[in-house]
Amino acid sequence: MATSEGAGDHVQEATVEEPLDLVRLCLDEKIYVKMRHDRELTGTLFAYDQHLNMILGDVHETITVTEVDSETYEEMYKETKRTIPMLFVRGDGVILISPPTRA
Amino acid sequence: MAAPPRTNPSDFLKELAGRPVVVKLNSGVDYRGLLSCLDGYMNIALEQTEEYVNGQLKKKYGDAFIRGNNVLYISGSRTRK
Amino acid sequence: MLFYSFFKSLVGKEIVVELKNDMSLHGTLDSVDQYLNMKLLDIAVTDAEKFPHMLAVKNIFIRGSVIRYVHLPAEEVDVQQLQDASRRDAEQAKHSTKTGAAAAAAAGKGQPTKDTRPDQSDKVAAS
């Protein structure tokens, strides 16, 4: 049980063996988070856990609301944006996390 | 490619690793990409991901982590763009 | 446990809790538990016109599951410590999943134990 604890810390590198490793590699990086109810966040990942609870810094949130014009039935998208310096995000609202687009 | 005679869902998922897949979410949104890995919660890591809303390509991601609770299904995709 | 510990370190600080019903509550964090239920003191609703029924409420207990965001005081957050804790947590979680359900149960990820819930409601009742 306790044999490889020290070794384990060093093994923890750039390997992605399970999906959460991908999130771990995003620590201290700017990430994009797609949330339920048409909310999107970008910010720097400072903390996360297995539920995808997260703490993000310098967060930009975009909320998209779809309104249907009552006469023309045209769909209108309205975007609301705001910035939050430091934000805890509850994991249950998370759909997708993506690291900064690499070349 | 003859299908193996008898498998269970987890064998099926293991075979998909590294292959192109379609992941459909409860919201109806599709993600197409290469399956890097997945875990017991059906959390999924995809590479070269494309997001399709109503069948239309909306966005691309280099890597993407999808939280398992949103997943409706994971399907092998023979068509590689 | 990571975020439970984190929020414990914020007890006594002012935070804004944004709920899934779009209500935002500004107040002082009084206590938090493992489910991230939170008790806030001396609250004000950010959009009071929209939620006039909350005007009389001073102290509130919020069930963790209805929280969407918590706006944090940036100066109280040690980001280096959080990142280290996240890496440690990830490593630990990996070991417990590999050793299977028994380890997960031992780590307290199973059903709420009999004594944690009543303990929490005691706290609320007492305040």
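First chain written, first letter: the chains are A, B and C, and each begins at residue 1.
We adopt the following convention: a contact is a pair of C-beta atoms (placed from the backbone, for glycine too) under 8 Å apart; a residue touches a chain by one contact, two chains touch by 3 or more.
Heads up on the chains, UniProt names are A = U6 snRNA-associated Sm-like protein LSm3; B = U6 snRNA-associated Sm-like protein LSm6; C = U6 snRNA-associated Sm-like protein LSm2.
All figures in this text were calculated on a predicted structure; none of them were measured in a lab.
When every chain is reduced to the mean of its C-alpha atoms, the one closest to the centre of the whole protein set is A. Ranking all chains by how far their C-alpha centres lie from the centre of subunit C, first place goes to B. Between subunit A and subunit C the centroid-to-centroid distance comes to 19 Å (mean Cα coordinates, whole Å). Measuring from the averaged C-alpha position of subunit B to that of subunit C gives a distance of 33 Å.
Shared interface positions of subunit B, defined as residues touching 2 or more other chains, are 39.
Among the residues of subunit C, none is found touching two or more other chains. Within subunit A, residues 18, 20-21, 92 each touch two or more of the remaining chains.
Across the complex, subunit A is touched by residues 2-3, 6, 20, 36, 64-65, 67-74, 77, 79, 82-83, 85-87, 89-91, 93-95, 99 of subunit C.
Residues of subunit A that touch subunit B in their complex: 16-23, 32, 52, 91-92, 94-99, 101-102. Across the complex, subunit B meets subunit A through its residues 25, 27, 31, 36-39, 43-45, 49, 61-67, 69-70. Within the complex, the subunit A residues that touch subunit C are 1, 8-9, 12, 18, 20-21, 24, 27-28, 46-50, 53, 55, 57, 84-90, 92-93.
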